[in-house]
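Two complexes, one shared chain (chain A), two partners (chain B, chain C).
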Partner chain A sequence: MALIAIENLVFAYGPKMPVILDGLSLSIEAGERVAILGGNGSGKTTLAHWIAGWLPRAAMNATSGAVLANGKAWPAWTALERAEAVQFVGQIPMQQLSGFAFTVYDELVFGPGNLGLEPDEIRKRADWALDICNLRHLVDRDPFTLSGGEQQRLSIAAALVMHPKALVLDEPTGNFDPESRDNLLDQINRLPSDLTIILCDMALKPALAIAKRFVLLDGGRIVADGGAQEILSHPRTSAIFGMPAVMEAALLLQQAGHWPAGEDLPLTFGRAQEQFGRITHVAG
Partner chain B sequence: MLQVEDVSFHYPGGVNVLSGISFSAGAGEVLALVGRNGAGKSTLLRLLNGLRKPTRGAISIDGRNTAETPVHLISHSIGTVFQSPEQQVFNATVRDEVMFGPKNLPLTAQERDTRVAAVLARTRLTDQAGQHPLDLDQAQRRFVALASVLATQPPALLLDEPQRGLDAQSRSLLEGIILEEKAAGRCIVIVCHDMEFVARLATRVIALADGALSADTTPADFFSNSRLTSEASVEAPDILRLSLALGLSPCLTPADFAGAWLNHHHLNASQG
Partner chain C sequence: MIGQGNPHTGKTLLFVPGNSFIHRINPLTKLVGLLWLAATTFMLPPMGMAVVFIAAFAFGVIAGAGAVFVRRLVLTVTPFAIALFVIHGLLIKRPDMIDYGLISLSPGGLTYMAHILVRVAALLTASMLFVTTTHPAILLKSLDSHGISPGIAYLISSPLLLIEPFSARARAIRDAQQARGLDLNGSWKARIKAFPALLIPLVTLALSDLDQRASVLDGRAFRARPFRVVLDAPVDQPYERWLRRLLLLALPVQIGLLLWL
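Showing the complex of A and B:
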């Protein structure tokens, strides 16, 4: 049975509001690492909310189509059951903080405490999450005095301590400097392999680092679902994510008549360096 | 326009988050404020718009000392677009939100209407004018926040990660607006982690490391210096790295690169 099974979902936020998800079907198995990509207004965040069961019960009941988590519709889940099934980390870390904690450590133990876990188990989970998200040096800080990137790491840690079956991340590294981003992506890749990770993003780098499967959304519909190469070469990709600068430079030279016929345009820095090196040699 | 003199800051009872920061900026400059997480960028942003006061040193914007000027008057000199538009949008329609600033300025009703209509058109929000800002998608919400600041026409703009979460089309619209504001003589400060965006737009890079100023230089010099980029934990844009790897002068955009490459090989754009 699929962990998440979405069938022909049509969704708008109200009767007179535009349709955000338009007949969307998607199935995600336990342990999959999936990136959901798309431009502004494509429906990524709304789909992420559906996958995480993060919409009001009335909205979910009024929708056409079906969304099942482990075979059961979200409105039938209790809040505690859902908290242990799927955790969602949104784009604005400030909105994820409980508001009940005066230190980073208190924020981390807030969720497991509400699950009624034993103190030893709570401590063990908090220690694990502190290391994964590189928060140990901030353990006594007030969460509201942290920088945006630090708050984002705390939000992810607070989701991980719940030991969910699936983690839904909505642009998780948008607040990060490259070093912090790469560290976090590395740590995410070390998480237990049975944890399902669903990443929604506008940036390709985190998606390519984490996901094995890529779903491209456009206008509330899935326009591609496959491997990295399929997505990178899809005609909508350049329009949504922008052309890589090295490719744009090669295109300008091609338009000026200085790019060899039959030579493809480079997508990555490494390929560009190799091609320009070779072409420079010929031109020089 | 913008003068930061030996500014230090600490939160009550805490250690210095910023120490001895000095720089200045004039009309038509676009400053990129960069640095690793926790370097003090957001704190400096709150000092520049007067939400916090320096614990040492002084900041003046358009001749006003931020420590001695009420925040609502500082906002006449420097308009801030925060990272999350949800934190600064509070009216029930896009038009009311954009109109809020001009309503508090000495303008006639006709002047206000003209100004708001023009800003909505520039930010491509004319068709959304009657909608609730929070019913819009992420990019449109950001443009609502930007439009509400542009409508007050402050001499300086402060943009916190304005490109974040924007697709290529929206980024292109944003870049165009920033360049127009620069041409109109605004002093613009952008807090940014996206170095391609910095390379395309900034005239100067101000880098922070551990609360101190680690660089104040041109983007080409900054990105060509691996010590400076490493201290600020930023990655030089691919196009600049490629230009250096091929022995060209540091290029910030694909167009710069194509020109330098043709020049290097004594070719011209029309030669086949």
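Showing the complex of A and C:
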């Protein structure tokens, strides 16, 4: 059974509002690392809210379809079950703080305290998350006085201490400089391999660093679902995201028929160097 | 992790780090004590209220919060004293008015003013003693560990924590609107006209934050169980529990006596 199964989901935020998700179907298995990619207004955040169980709520219901987690629709889950099943980290770090904690450490132990865990278990989880997200030097700081990047790391740590089955990250590196972004991606890559990670982003770099499977959203519909090569060679990809120059060059060579058949497009600069070297050697 | 002496207290808090015996009293005991004292000041004669004021001030000094006490008392009591002086000493006509050239003063009015002032000062110093020696984080842990609803604890913590980001956002909106040509330095009419342009985005964004934060709290299982597990809850001595029970019992009795007599 899929961890998350979305079946023909059609959703708008109100009766007279535009449709955000338009007949979307998607299945995510436990342990998968999936990137949901798309431009502005493609429906990524709304889809992330559905996957994380933040939707449906109050009057915000699907026009048709549903999201099932372990075969059960979200409204049938209790808050406690949902908190242990999936955690969501949004785009604006300050909005992810509980508003209940005067220190980073208290922010971390807030969730496990709500779960009613034993104090020793809470401490163990908090220590683990502090190390993973490199927050140990900030334990006594007021969460609201941290920088955006530090708050984002804290939000991820606060989600991880809940020991969820799945972690949904909505543009987690949106406000980061390249070095901090790479550090965070490295930390995310060090998370336990059985943790399902669903990354929603409009940048290719974080997605390529984390995910093995890529879902391309456009206008609330899935236009591509597959591996990196499939997404990179999709006609909408370069239009939406732009591409690193080496990849663009490889695509142009492929379109002109000069790229060797069966050769993958380069995902990293090192791989590009190696492949271009081989191609120019063959051509020479 | 935060201790009573932790320096990272945030600039919006009045808490003064320290390790005095008042800092070490369980926050719930201090809270009940403050409630009892507030009720008691309405029963005490002026001299009794003066004793409460002096005692609370002395404890504040012992706790290392003397400077904060003086600053707050001056800032709060001075304008209040001036207003009381004008109303009870000068404006309200009493039979005992004495002429001093241009002004007439009522000794009875001034005595009444002094009574009110001492009562306000006693209540203020007692409250100051509570807030300067109790970090809200420790109060929250104390409330949580005594099984008080997390919702009530949240009502205490969130305004204290969110005031700073809220102020920062208000400043950002003001700057953004000024950059778009909003006149905030002109006449008072222009400023009143500009007010909605500042208030509406602030309220809209605050509501959006509330919605988001509600989902965050829900996602972290807030109130999913009736009680939370609290780490490092403050020590609660048996004598403190008895003292709280005694004070809580005394409260309705005192209020009853006050209404009856």
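Note that in this section the second predicted complex is superposed on the first by the 235 of 284 C-alpha atoms of A that agree within 3 Å, B and C clash if a C-alpha of one lies under 4 Å from a C-alpha of the other, contacts with A are read in each partner's own complex, and residues count from 1 in each chain.
As a convention for this text, a contact is a pair of C-beta atoms (placed from the backbone, for glycine too) under 8 Å apart; a residue touches a chain by one contact, two chains touch by 3 or more.
Only a predicted model underlies this, so the values are computations on that prediction, with no experimental measurement involved.
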| item | value |
| --- | --- |
| First, second, both or neither for A:226, with chain B first and chain C second | neither |
| Contacts of A:123 with chain B and chain C, given as first, second, both or neither | second |
| Contacts of A:239 with chain B and chain C, given as first, second, both or neither | first |
| First (chain B), second (chain C), both or neither touched by A:56 | neither |
| First, second, both or neither for A:260, with chain B first and chain C second | neither |
| Partner chain(s) touched by A:94 [first = chain B, second = chain C, both, neither] | both |
| First, second, both or neither for A:145, with chain B first and chain C second | both |
| Partner chain(s) touched by A:103 [first = chain B, second = chain C, both, neither] | second |
| Touching both chain C and chain B, counted on chain A across the two superposed complexes | 92, 94, 145 |
| Residues of chain A touching chain C in the complex | 52-54, 57, 78-80, 82-84, 87-88, 90, 92, 94-103, 105-106, 109-119, 122-123, 139-142, 144-145, 158, 162 |
| Interfacial residue positions of chain A with respect to chain B in the complex | 13, 17, 39-41, 45, 91-92, 94, 145-150, 171, 174-180, 202, 238-246, 248-249, 251-253, 256-258, 269, 272-273, 276-277, 280, 283-284 |
| Residue ranges of chain C touching chain A (in the complex, touch as defined) | 1-2, 6, 8-10, 135-137, 140, 144, 150, 153-154, 157-158, 161-162, 164-165, 209, 212-213, 215-225, 227-231 |
| List of chain B residues in touch with chain A within their complex | 11, 35-38, 41-42, 83-84, 86, 135, 137-140, 161, 164-171, 193, 196, 233-235, 237-239, 241-242, 245-246, 253-255, 257-258, 261-262, 265, 267, 269-272 |
